[in-house]
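Next come two complexes, and both contain subunit A; in the first it sits with subunit B, in the second with subunit C.
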Partner chain A sequence: MIAEFVHLTVTGVLVASLLALGAVGLSLTFGVARFANVAHPDFMMLGAYTTFAFNSLIGVPLGWAALAGIVAALLVGVPVARIAYDKLPVTGTVQLLIISIGVSFILRHVVLFFFGSGFLQFAVPLQRPYVWGPVRLTPYQILTLVVASVLVLAVHLLLSRTKLGRILRAIADNPVLCEISGADVGRARLAMWAIAVLLASTGGILFGLNLVIQPNMGWDLVIPIFSAAILGGIGNPYGAMAGALVIGLVQEWSTLLIPSVYKEAVAFCAMALCLMFRPRGLWGAA
Partner chain B sequence: MTEYLIALATIVGIQVLLTLGLNFHYGITGLVNFGHVAFYALGAYASALLTLAGVPFLVAMGAGVGVAVLASLLLGTATLRLGEDYFAILTLGFSEFVRLLLLNARELTRGALGIPGIPRPWRGLGGVPDHIMYLGLVLIAVGVAFALCEVLARSPLGRTLRAIRDDEQAAMALGKDVLRFRLTSLGWGAGLAAVAGSLWAHYVTYVVPDQFTPEITFYTWMAMIIGGPGSTRGALWGTAILVAVLEGTRFAKDVMPMIDEPRLAALRQVAIGLGLILMTVYVRKLGGRSRPRVAPATVSG
Partner chain C sequence: MKLDRRQFLATGLAGGATALLGGGLARAQAEALRIGALTPLTGGGAVYGTTMSRTYTLLADEINKVGGVAGKPIQLFTEDTQTNPDAGVRGARKLVDVNRVHAIMGTWSSAVTLAVAPIAVQARIPQFCVSSSPVISTFKDDDFLYRTAYSQAVISAVYATTAQSLGFKTAALLILNNPYGIGLGDSFPDRFAKVGGKVTGKVIYNPNQSSYRSEIQQALAGKPDVILFGGYTPDGIQVFKEWFQLGLGGTWMGPGFAFDQKFIQGIGAQAAEGIVVVEGAPNLAATAYKNADKLFRAAHNQDADFFAAMAYDHLMVVSLSVLAGKGDTSGDAIKGQIRKVSNPPGKVVGTWAEAAPLIRTGEKVNYEGASSSCDFDENGDVQTDFGVYRIKSGKWALDRVIKFGELKTS
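Up next, the complex of A and B:
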């Protein structure tokens, strides 16, 4: 029982690190661009598939394939986001929300067109896990934890220590005031989309490293990632990290009590419950 | 060919009911409901299961409506106080939640196997061919729903809902209980979706969770946007255009025989995504939110 609990906790932290890479970017874009980008998890899917293309189809070793995959995801994802969300003549959050659903449809089915709908795997050798008592971790799982921690820390440093971070936080606070004071909002938004796609595509690659990929993986992650972002107070990237941890752990622990097919439902219920009592998230700013 | 047109008309009719419901939510009240398919699914499953248990069709349909309305009120009570982004995501999550339950509550719904053999009501009554009989039934439902929507939209209730949509603060300042009015709207639209679900279940005689993916919700959004949100009449022709386009793309394989079936299906979805974006940007801009004329005193009759 204790061994199982420890195992689930480890899995939960792993899931959380993947969710965090999606949720932090989602929260950042929500704060700055002021709409819920439903296509955000599809950027994860995009990164996984571009990497798959380099790795399994062309035969590039995984490390280089991942780098090339991230660059390719940026080259596709950032222009798509800029055109769909920044350039179209719309203003309302509802319109942007609907547009993001259209973008999600397009990304998913373009990938489906080229790669088919089946499950795919990177060409990587089978991994032997390290065992410390009840804790078992494969090298890829350790890599996942390390990369996710490093990236999340990097986002923290970027937001708190750089000029770009200050501008992004200022836009999230008050876009009009920020623009009047002479900040280049357009460039900041371009950088924001790049950060979001970078985080998401890396998350998608790590996802593919540990599991299998399929075109619907982004869509299937919409609820857990939004739950994590909302739980942390959407628009607050720090909250999103904590929210991801809560969702990851709650999802895995719930399998002790209820069938694992309801994991996604558990994430949804956690989000709904949280919103009922804390409409701004568990740690959201008032 | 006649058979095909009758089938098409039946599908349009069922979809119109969905659009009318969503138009009530978003077009009239401004509720960003991204989980419309949940109410459709609940109506379909409740009606199918009850009919198979021996309950008469109309009673089963009524029970389906009851289930969907109840679910919408629970969902609304929990989420309507939140901002529209939250409401949108939560309703989307709710619809996936419902689909997950239908997929996994195997004792009740048979999961992914679905429920076959749902009877069509009044089969062979008066010697009328089955599909014409059913089209008649759907048309009656659409007629009643359309008339009710028009009346409600012009009633004091409809005016209050539009006032809430346009300026929540002002409506509140005038002493309107905003939450209660929104719940009323949510329940009414969910009820219409459940009627559509019930009619769908008894028309195709087979339900399975795969029929109730969020795609249905977004098709309905497209139909509403084409027709102009807020316009009851627009819901009719918007839906007709949407179904015509969706059906039309089925014939694309005759034009492009070199592309295989799954890829063609993917291309269709890409086109649908593009359509959704372009319509959101341009059609809304052209039409804006059309407002029904102010009701003169004589309209109610």
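Up next, the complex of A and C:
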């Protein structure tokens, strides 16, 4: 029983680290740009595919392919986000939400056109796990945990210790006041999209490393990632980390008591319950 | 040949005055046996559809070389179902309305077969499919729908018998949350109990999860001798990747359509080693299979698999039926002959060279097919044998054959 619990906890943390990389960026962009970017998980898919192109098609070793893939995802994702969300003469959260659904469709279908609908994998062999009692982790799973922790910590430092972080937090608080006081809001938003795409594409690569790559992988993650962000208090990147952890752990722990086919539903029930008592989410301002 | 008003008009429009002035009879005699090959050439069933389509061509060539069927050459019209009911229906409409085929064959995937069936029934032409839904047995098809594949209704019994014959006494199920997976989960435990086995656990999973680690651990918790996998290739790749990376061991069993070549490529030969694969087995001893294999090997340098064998049977049964009906290509005439040429009694035959002379002299034949005995029951179903394969170095290796008669189906 203890062993099973430990195993589920490890699995939950692993799931949470993948969700967190998506949810943190989503929350950041919601806080600053003030709309729910449905296409955000598709940036994860984008990073996985650009890396796949370098790794499996061109034959670059995975590490370098991942770096090149992230750069490529930035070169595609950031201009797309800037044009679709910052430059179009529309305002209003609903309009931007609908545009983001459109962006999501376009990204997915472009990938479908070039890569087809099949499941793809990076050109790396399967690994055997290290075993410490009930804990079983492969080197790539350990890498996933480390990369996710480092990136989340880096976002924290960026927001709390740098000028850019101060500006981003200021925009989130009051965009008009921030602009009046002379901050370069345009550049800050550019940086924000870059951070969001960087986190998402890295998450997508790690997801592909652990499971498989397919055009719908982003779409399939929309609900868990949004739940993590909302549970944490949408707009708050710290909350998104906590939200991802709660979703991941609750979903895995629930399988001790309830058939695992309901585990995602259980995680949503937990989210709904949390929100009943803390409507602004775990970290949201009261 | 009787001309009805529509055919008469069509002939007139197409052939002009010459057709009307006595050309009609000549046309009728030279008229081909038109076959609609409606297989998936793209999409999920592309591998199987391509094999079947190639087999139709090979056999049609063989029969045409010796003068065709009752003087009529076999003319193939090929359409791609794209493994998609919509495209299947479009293809079937074109085959029926434009090409005016005398039979449709090769539909794979039950959704496609059941979407095409009403068109064949309405046009009153036989349709041969390789789909496994039990609904196909009971479908109101006016006896126009035939299948050479096994029905899922028997598959639980096949798994139970396979597990027993390999010495597995306990089994767990890891099944997909859809009608196919749940159906397997409902029927397998009883079948397995009948042969003295015990189910240690049943885990249902949803597709497209971020992790399957907890499901895998639960399935393995009771330390079963074998884990029965009830899913498809895409989710199989994800589940088995995580299973291998957990390093927990265990032996797996599942259907051929999940553990196909794509699956083995996806997870690698090392992780796939030893998996038990259950699939319909060709009727290896029959002359029909030997001939299909010879044709396929000469043209494509590969063994004829179960799907090539089934395709061979479709075209053989239709050709023999037309020959037995003295060249009558109407759907009703073909339908009337199918069981006469393929079911006992009669002299056992398997190739055109064996069968055609006997039929011409009026002797009763019993076609023993390449994929099964091809003895069609009242539902148009056959009893196929099953091959039990183990994956060795990335390839299926035949371990044993389970005869249909060995199954405890009731």
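A few points about this structure:
The rule is short, and it goes like this: the second predicted complex is superposed on the first by the 282 of 286 C-alpha atoms of A that agree within 3 Å, B and C clash if a C-alpha of one lies under 4 Å from a C-alpha of the other, contacts with A are read in each partner's own complex, and residues count from 1 in each chain.
What we mean here is this: a contact is a pair of C-beta atoms (placed from the backbone, for glycine too) under 8 Å apart; a residue touches a chain by one contact, two chains touch by 3 or more.
Only a predicted model underlies this, so the values are computations on that prediction, with no experimental measurement involved.
Using the contact criterion defined above for the overlaid structures, shared-chain residue A:P79 touches neither subunit B nor subunit C, since it reaches no partner. Which of subunit B and subunit C touches more residues of subunit A is settled by the count: it is B. In the superposition on chain A, A:I99 makes contact with subunit B only, while subunit C stays out of contact range. By the document's definition of touching, both partners, subunit B and subunit C, reach A:P259. Applying the stated contact rule after C-alpha superposition, one finds that A:G186 touches neither subunit B nor subunit C.
Of the two partner chains, subunit B is the only one that A:V90 touches; subunit C does not reach it.
In the superposition on chain A, A:N216 contacts subunit C only, with no contact to subunit B.
Of the two partner chains, subunit C is the only one touched by A:P129; subunit B is not.
Shared interface residues of subunit A, touching subunit B in one complex and subunit C in the other, are 259, 261, 264.
Those residues of subunit A that touch subunit B in the complex are listed here as 30, 35-36, 38, 84, 88-90, 93-95, 97-99, 101-106, 108-110, 112-113, 116-117, 222-223, 226-227, 230, 234, 259, 261-262, 264-265, 268-269, 271-272, 275-276, 279.
Taken together, the subunit A residues at the contact with subunit C in this complex read 4, 7-8, 11, 14-15, 18-19, 119, 121, 125-129, 131, 136, 138, 141, 207, 210-212, 214, 216, 220-221, 224, 252, 255, 259-261, 263-264. Listed in rising order, the residues of subunit C touching subunit A in the complex are 177, 203-206, 208-211, 213-215, 217-218, 221, 234, 237-238, 241-242, 244-248, 266-268, 270-271.
On subunit B, the positions that touch subunit A within their shared complex are 32, 34, 78-79, 81-82, 84-86, 88-90, 92-94, 96-97, 100-101, 103-104, 218, 221, 225, 262-263, 266-267, 269-270, 272-277, 280-281, 284-285.
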